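Read from first to last, the chains carry the letters A, B, C, D, E and F; within each, the first residue is number 1.
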Amino acid sequence: MKYGARNRIKATVKSVTKGDIMSMVKLEVTAPHEMSSVLTTESVEELRLSPGDQIELVVKAIHVLPVAE
Amino acid sequence: MKYGARNRIKATVKSVTKGDIMSMVKLEVTAPHEMSSVLTTESVEELRLSPGDQIELVVKAIHVLPVAE
Amino acid sequence: MKYGARNRIKATVKSVTKGDIMSMVKLEVTAPHEMSSVLTTESVEELRLSPGDQIELVVKAIHVLPVAE
Amino acid sequence: MKYGARNRIKATVKSVTKGDIMSMVKLEVTAPHEMSSVLTTESVEELRLSPGDQIELVVKAIHVLPVAE
Amino acid sequence: MKYGARNRIKATVKSVTKGDIMSMVKLEVTAPHEMSSVLTTESVEELRLSPGDQIELVVKAIHVLPVAE
Amino acid sequence: MKYGARNRIKATVKSVTKGDIMSMVKLEVTAPHEMSSVLTTESVEELRLSPGDQIELVVKAIHVLPVAE
């Protein structure tokens, strides 16, 4: 399958907590992987990112889509 | 700083490609890390996830927020 | 009303399930309609999409905004 | 494949417009299909949705993920 | 119109910058208004939020939907 | 800290309602502030936005990220 998304991360399920409507899944990622971020050019200029910079990527859990076979 | 988000991933910038309005940043993640996903309980039941399962996490690049000091 | 969004889909409510904080609404869409997707040019090239291709569109329920009069 | 998302819509590609960083794909959906929306219980109560109601679903194109084989 | 969204903010357009696929609109908000955030209960506990706390709300521009009559 | 996001809004917590998996935080925004929206150029043309126009910005609560020190 090919996805119209830049980030595909292999992960191992650690726990599943079910709620009434929403549930949370926690996962472990051990293999090194790439990530991509798309943001406004204005933001990228404010951040002054250049190759080699160490930064942090923040992602709300609601935006992470699990896919299983 | 504390964020109202479950996922914080340390990453190293590899490249920055600037476009007219939006830009793309590619990053490398080498340290093992946790991830969390929130989805409907219905989806979690369809996926039948249990601890130890190997799955894939798909995240659109637009949902990845870079944070730098 | 005019919305800054490409997708407006007429739908009929089938069920409403209320939870403590979040609720889920299920709907039926019977009329043919258009949809638009915005993704990175890199992703579009990987998918090699061309007119006539049959694909699937995946949308998390959290990204669907109901509007009623 | 199983996805942690409630909405999977079969669609036919009509056009692809490539930009510098982002691209837009337009699609046609002809088969009737279901959709699900997750929103706050407060919002659902304000909307007073009940089965049979005709509403509109608004989705930003950026939240539509194409998946192809 | 009623929206299945907690945040509706009155704003005045300051500028519009058009790009090939995406555009950016800048706006001014002068009237005091409410905002709501939904996040995991885990995150809310880590943030230890209580009434009266001064915090910052971060929202990617892509998640802001303009609506005009 | 610098964020790859155009919108940073100072807010005061009014209430916190905890649910099983997700929680809702209500906030008050009193200081005038800017906002930015990114949307397709097609949408911006349909909306015919020009400086001075009064519009409304709709944001789902799930897309609002609280950040605290």
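Quick note on the criterion: a residue touches a chain if its C-beta (ideal position, glycine included) is under 8 Å from a C-beta of that chain, and two chains touch if they have at least 3 such contacts.
Keep in mind it's a predicted model, so treat the numbers as computed, not measured.
A.B. asks: What's the overlap between the neighbours of subunit A and those of subunit B?
C.D. replies: C, D, E, F
A.B. asks: Out of curiosity, which chains are bumping into both subunit A and subunit E?
C.D. replies: The shared contacts of subunit A and subunit E, listed by label, come to B, C, D, F.
A.B. asks: Could you figure out which pair among A-B, A-E or C-F mirrors the D-E interface, over half of its contact pairs being identical by residue number?
C.D. replies: C-F
A.B. asks: Give, as an integer number of Å, the spacing between the C-alpha centres of subunit D and subunit B.
C.D. replies: The answer is 21 Å.
A.B. asks: Where the CA atoms of subunit C average out and where those of subunit D average out, how many Å apart are those spots?
C.D. replies: One centre to the other, that is 1 Å.
A.B. asks: Which subunit E residues reach two or more other chains?
C.D. replies: Counting only residues that touch two or more other chains, subunit E contributes 2-6, 19-25, 36-40, 42-44, 47, 58, 60-63, 65-68.
A.B. asks: Considering only which chains touch which, label the overall pattern as line, ring, star, complete or other.
C.D. replies: Topology of touching chains reads as complete, every chain touching all others.
A.B. asks: For the complex, which residues does subunit F have touching subunit A?
C.D. replies: 2-6, 19-22, 36, 38, 62-63, 65
A.B. asks: Which bits of subunit E are touching subunit A when the two form their complex?
C.D. replies: It is residues 24, 39-40, 42, 60-61 of subunit E that touch subunit A.
A.B. asks: Which positions of subunit D touch subunit E when the two form their complex?
C.D. replies: 17, 19-24, 37, 39-40, 42-44, 46-47, 58, 60, 62
A.B. asks: Please give the residue numbers of subunit D that touch subunit C in the complex, ascending.
C.D. replies: 3-16, 18-30, 32-41, 43-44, 47-68
A.B. asks: Touching subunit C in the complex: which residues of subunit E?
C.D. replies: Counting only subunit E, the residues touching subunit C are 1-5, 21-22, 25, 38, 65-69.
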